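Please go over the structures that come below.
Presented sequentially are two complexes of chain A, the first with chain B as partner and the second with chain C.
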Partner chain A sequence: MNNFMLKIKSFWKKVQKLDGYNAVVGALLAIAIGLLVGIVLMIIINPSSSIFGIGRLLKGMFNHPRGGWIGLGQMLYRATPIIFTGLAVAFAFKTGLFNIGASGQFTVGIFAALLVGILGDKLGSFQWIVAVLSGMTAGFLWGAIPGLFKAKYNVHEVITSIMFNYIAMYVVNGLLNSNFLKTKVVDGSTNRTVKIDQAARTSYGFFDKIFPNSGLDISILIAIGTAIIIYFVLNKTVFGRELKSVGLNRDAAKYAGVNEKRSIVLSMAISGMLAGMGGALFILAPSIYNLGTVYAIENVIISSGFDGIPVALLASSNPIGVVFSTIFVSYIKLAGNSMQGVGFVAEIVEIIIATIIYFSAFALIMTQNLGKIKDFFKRFKKDKKTEPVIEAPNSKAGDN
Partner chain B sequence: MAFFISQSLFFIIPLLIVALAGMFSEKSGTVNIALEGLMVMGAFCGTFFINKMQAAGFLEGSPQFLLLISLLLAGIGGAIFSALLGFLAINMRANQVIGGTAINLLAGALAIFLARQFQENSAVQISYNKEVFRLKSDFLAETSPTLNYIFFEQAYLTLYVGITILIISTIVIYKTKFGSRLSACGEHPEAAQSVGINVYRYRWAGVLISGFLGGLGGLVYALPISVSFEGTVAGYGFLALAVLIFGQWKPMRIFIAAIFFGLFKALSVTFFSFDWIANLIEIYPNIPFGTIFRILPYLATMVVLALSSASSKAPKASGTPFNFKGK
Partner chain C sequence: MAKIIEMRNISKQFPGILANDNVNFDLEEGEIHALLGENGAGKSTLMSILFGIYLPTSGQIFKHGHPIEINSPNDANNFGIGMVHQHFKLVEVFSILDNIIMGVEPNKWGFLKRERARAEITELCKQYDLFVDLNSKIQDVSVNMQQRTEILKMLYRHNDILIFDEPTAVLTPQEISQLMATMKNLTREGKSIIFITHKLDEIMQVADRVTVLRRGKVIGTVKTKDTTKEDLSRMMVGRDVIFNIEKAQIKLGKPILEVKDLVVVSNRTKKHVVDKVNFQVREGEIVCIAGVDGNGQSELGLVLSGLIKADAGQIFLNGEDVTYKSIRYRNDHGMSHIPEDRHKHGLILQDTVANNLALKKYHLEPYQKHGIINKKPIIDLAKRLIDDYDVRSGEGVKSKMGTLSGGNQQKAIIAREIDKGSNLLLSIQTVRGLDVGAVEFAHNKIIEERDKGKAVLMISFELDEVMDVSDRILVMYEGKIVKNVLARDIDVEELGLYMAGVKQDSLPPEKENLEVSKDE
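Right, the complex of A and B next:
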């Protein structure tokens, strides 16, 4: 028995030395603080029913009226597109770029995929694969634009990608409303696109048996597979190392013989491709009861791209971590929906997510300096007689 | 034409104020990606106050005074909110992009949450009567009716608030000790500290001014374009960030950048009121003029940026946390 404990201890020590250990502990700490803030908020605004609200918050997807199992399926279904945009943002972050334009790339991905999905009847069983590939291509090209502007003209990628979010939305909406496409792909009465052909929708795979009519299809497997591939590319290939080195120090990478301009364009393009892939799989999804998915032609930028930012941040831009952080965010978002049933505003969940991201920004710093904090408290224990040092943000104003 | 210019002012002035907000923060060394969130918070505080005061009939006789108080409150709301960014970026030396993103998320959620919590029927929209705030003056009506229409009849007091902020910002940045020291903290904090400047205080001042102007800009944006506020400023904070970079972190150039973008943006909503464009649309029904005019502001900005951005004048230490002496 003692032997067993020792083994666990040595295993735990190994875990602590792992790359992502600090990041995981930091994220968990931030999640705990965020949930605490949410719970306190609920107790303040409505003490009497707060206990039900907290229950629903923690139960997440298990609140689903058709049971937790269906809820689990639905949660994974909802998470799939965000995993892709999260991967897009994370990939760009890892290479030193901030891709805030995942929404635009997602939109062009939707557009390209729905064109193939509606008009490409002749492709037969390859239709959905071609649709996904064309969505990826569209995202790749759209993502390359901010990269080109950065590499060629030194324009910050944040501006370009914001601008091209708007351009993507207006161009896609304009094209869908054009004389050429309108009659074929738009349902005039609802101002939405018509549904994708039955043959072109992604398959439910075996999920239809496990999670019947929850909407979950094989896209989740593609998402997880993509995350693993991206992790592999970033960490185990020369190509990925090159991209990362440009992000760490553009000049140093240049002197080391990396074509830094090409790397920047490729980083943004691959990031865009991931977002475009998410858009394609989103629109090709058979959805709940095989009802299909549509794109609403509104002058509003799709939020999926922006949703990718917090999940990427929570995962410290680790591709595998993105899968978990997205699932967590989907979990409490479903909780938020069901909290409305007991009189709580769903936005509490958004507040919790924002709080988590806020604290994750310095939770990482806290865990990295865990040793220092321990030392600090040890010193504190020894000389209790001296005045306690209180960490207050504004009292430091006169320090230097 | 008068309608077009009058409309474009509704885009130009908030962009100007919010881009100047970003300038103060970045000049002091803190990247402020949270402008969007600060605008939302400011717009929320301002419109909520106007909503309650108009319902109570407070200051009914002097709407301009009510507007001034609301602008002040919007600014204070933004400043308080920006303290979240200041604490994270300056005290904790954490990643400012993450912090800014969190603040944007929080502001959007909080504005809707508070609106639903404190309004009847948990309504998201905070409605207000904006018509009472129009200046409706006939100051220049006799000499030039067009100018009067644009600047004194249809305009809001916010136009002059914006111009005042521009003038004060220019003076503060270029002509005062405070401005030079603020810029020093964003360019080379170590050097600033070595000559006895309290980098910590100046960075906090930069962030708080940024919060005040960002919040104020939020209300300036929300007021004229709608009759209610719904917890979003439609990406204007990010556009202001673009205007800031377009304007190379200089007040006057920011003003020009805001005018440039604002004119194109106004064109995209009023192009059909120009006769020659309406004629063109009739002649070439197959050319998607609507789409072209809608993407024009964004595309034109990109072209100008590509032509001018080769030598970026960004504050050198902006975005890098600073280790204060004695900590």
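Right, the complex of A and C next:
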């Protein structure tokens, strides 16, 4: 028995030394604090039914009236596009850029994919693949433009990519309302696009057996696969190393022989491509009611791109982490929906998510500086001892 | 004299390294006490403890015999301890005045009383003979005025214990003597100074006492008037240091680097900062470009390495025109480059030592295969270089570059560039921030390269280095090369005249000079 405990201890020591350990602990800590804040809020707002609300909050997707499996499927279905925008934001972060324009890239991805999905009948069984590829291309090009501005003229990517959200929305809406496209792809009575051809929709794969009627399709697998590929590219390839070193120190990367301008453009373009891919798979999804997804022509920026920012932050921009953080956010959002049934507004969940993001940055700093925190507490005890013994801070970073 | 500060049995443990080991140090009132040691000997750590940046693992600090506790730089300031850091802590876009009063702004009901501060500071300037233009922004003034600002910051806070962390590393010879005078002035007015450095000449010039640290331990404290440069360097390095480098005669080979009518125009001033420069560097010679900082040497270094574009002229590397070739092309075709600004260009501080040592190689086999990085050869390379070049860090290859001391960072760059095996070594301010032992090591390595038949082009602002190492000297003044001479044919005084622009030759054509070298 003792032996067993020792084994666990040594295993735990090894885990603690893993690269992502601090980040994971930080994220979990932040989630715990966020949930706590939410619970306290609910008790204050509506004490009498708070116990039901808290129950629903924790049960998340399992609250679904038609059973937990549907809820679980729905959770993954909703997470899929956000995984892509989260990956887009995380990829940009890793390469030292802040892509706040994922929404715009997502929108052009939708647009390109739906054109192929509606008009590309002749493509046969390749139709959906071509649609996804054209969504990716559109996102790639749309992301490349802010990258070009950054590389050539040093215009900050946050400004350009935010503006390109609006440009994307108005251009796409304008094109859909143009004489050329309106009659073919827009349903005039609802002011939405018509449905994607059956043949162009992504397949349910085997998910309609496991999670029937949840809407979940194979996109989730594509999303997870993409996350793994992005992780691999960033951490194991020369190409990813170069993009990251430009992010860490543009001058040093240039000195080392990296074409730093090209890298900046490519980073933004790949980030855009991921968001565009998310848009394409979103619009091509067969959806819960087997009717297909449509794009509503409204002058509102799609929020999916912005939703990618918190999940990327919560995951410390780790592509694999993005999958998990997105699934968590999706879970808690479903909880928010079901909390409405017992007299709470769904926005409480937004507060919880905001708290989590706030604390995830904070918690990361805390876990990184555990040594210093120990120092801090020891300082209080110090007065009582004659010989002060103070532990060294964890790292000497910032020495220079 | 009374002891103003006493540090007793100070130890400081960092992960993997004992930076200070039972150090005893004291400072007397009105003296200049130099703290001497190799890179990473623990000088900066000890002073960071005194200044409240680090807490000691054990040990105590006394002021005027009373134990004090310094937990933060604010505490240190309250005890009258001020510090000029090696990298200045100034706000670039603030005026000098605002920088000086920052944090202790004189105010009434929260309204800033700038004029009161201005009067006070002007008084201080007069008293200590320190000239600054209070209205200029930091980004617009010279490095030594920035340094004076830092000194005024301490004086304005009525600090009487002043710590200077390698203050001369960023200054020209003239500025250094100015600073020395200022330091003498300060002690005359009753201030006590701790002077961190590894330049022996400066210590002999101004310090009253010296404490030598080696590998975290105090080797001894001596009075400067009872000691010599040689003694100090022996204490510091632990062996004899040879100041005059022996060089074997070597036959010159074919030209490796050739520069023809090279012009660089400054973006800001539109001046020709490099103005029709012509020269050659041949196999087996060390050519050193001397000159006062700001005469176009930095730009020449940048344009040769490819970091900026040439506006006219040509650069030939191994006979091939590389004027418009990429940096990577130059890196892969025989150019090594030790950059002037190691933090900006030379290193990625957030990355590991291993990755930094492979910075110019990871795109080549065997460090990658089919675009996928191969970790093992990178680690092996890093381990070998760390051993060969004595790069000291807390956690070996896995340490973050930013946690290394400045000297060790520089050693890492030197290791990477020399190990690259290029036939041209472009080395700018090679030994900036290195101690005597490391300077000797770096110079020997560079001479070794030359003896192997490599071509070396150095750019240096330090006359000692120029005279010690080079075979041939080119003096640069206002963007032009005004003198091309063999090192053995010129002395420091004459060189100084060329550097100051007092003397200028009409240059003989390059060929003639090469004939001279061939005679050797």
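Points worth noting:
Keep this in mind: the second predicted complex is superposed on the first by the 376 of 400 C-alpha atoms of A that agree within 3 Å, B and C clash if a C-alpha of one lies under 4 Å from a C-alpha of the other, contacts with A are read in each partner's own complex, and residues count from 1 in each chain.
The rule we apply is simple: a residue touches a chain if its C-beta (ideal position, glycine included) is under 8 Å from a C-beta of that chain, and two chains touch if they have at least 3 such contacts.
Remember, predicted model here, so these are calculated numbers, not experimental data.
Contact with neither chain B nor chain C is seen for A:126 once the two complexes are overlaid on the shared chain. In the superposition on chain A, contact of A:258 is made with chain C only, not with chain B.
Once the two complexes are laid over each other on the shared chain, residue contacts for A:362 go to chain B alone; chain C is not touched.
Counting the residues of chain A that each partner touches, chain B and chain C differ, and the larger count belongs to B.
Once the two complexes are laid over each other on the shared chain, residue contacts for A:309 go to chain B alone; chain C is not touched. Of the two partner chains placed by the overlay, only chain C lies in contact with A:236; chain B stays clear of it. Of the two partner chains, neither chain B nor chain C is touched by A:21.
Overlaid on A, the two complexes show chain B and chain C touching the same residues of chain A, namely 393, 396-400. Of all residues in chain A, those touching chain B in their complex are 45, 98, 100, 149, 152-156, 158-160, 162-167, 170-171, 173-175, 178-179, 301, 309-310, 313, 345, 347-348, 350-351, 353-355, 357-358, 360-362, 364-365, 393, 396-400.
Within the complex, the chain B residues that touch chain A are 33, 84, 87-88, 91-95, 97-99, 101-103, 105-106, 108-110, 112-113, 116-117, 122, 193, 198-201, 204, 235, 238-239, 241-242, 245-246, 286, 288, 290-291, 294-295, 298-299, 301-302, 305-307, 309-310, 312, 324-327. Chain A makes touch with chain C in their complex at residues 236-239, 241-242, 245, 248-249, 251-259, 375, 379, 387-400.
Residues 12-15, 44, 54-58, 71, 87, 305, 307, 326-332, 337, 339, 343-351, 355, 359-360, 362-363, 368, 371-373, 394, 400, 402-403, 405-406, 409 of chain C are the ones touching chain A in the complex.
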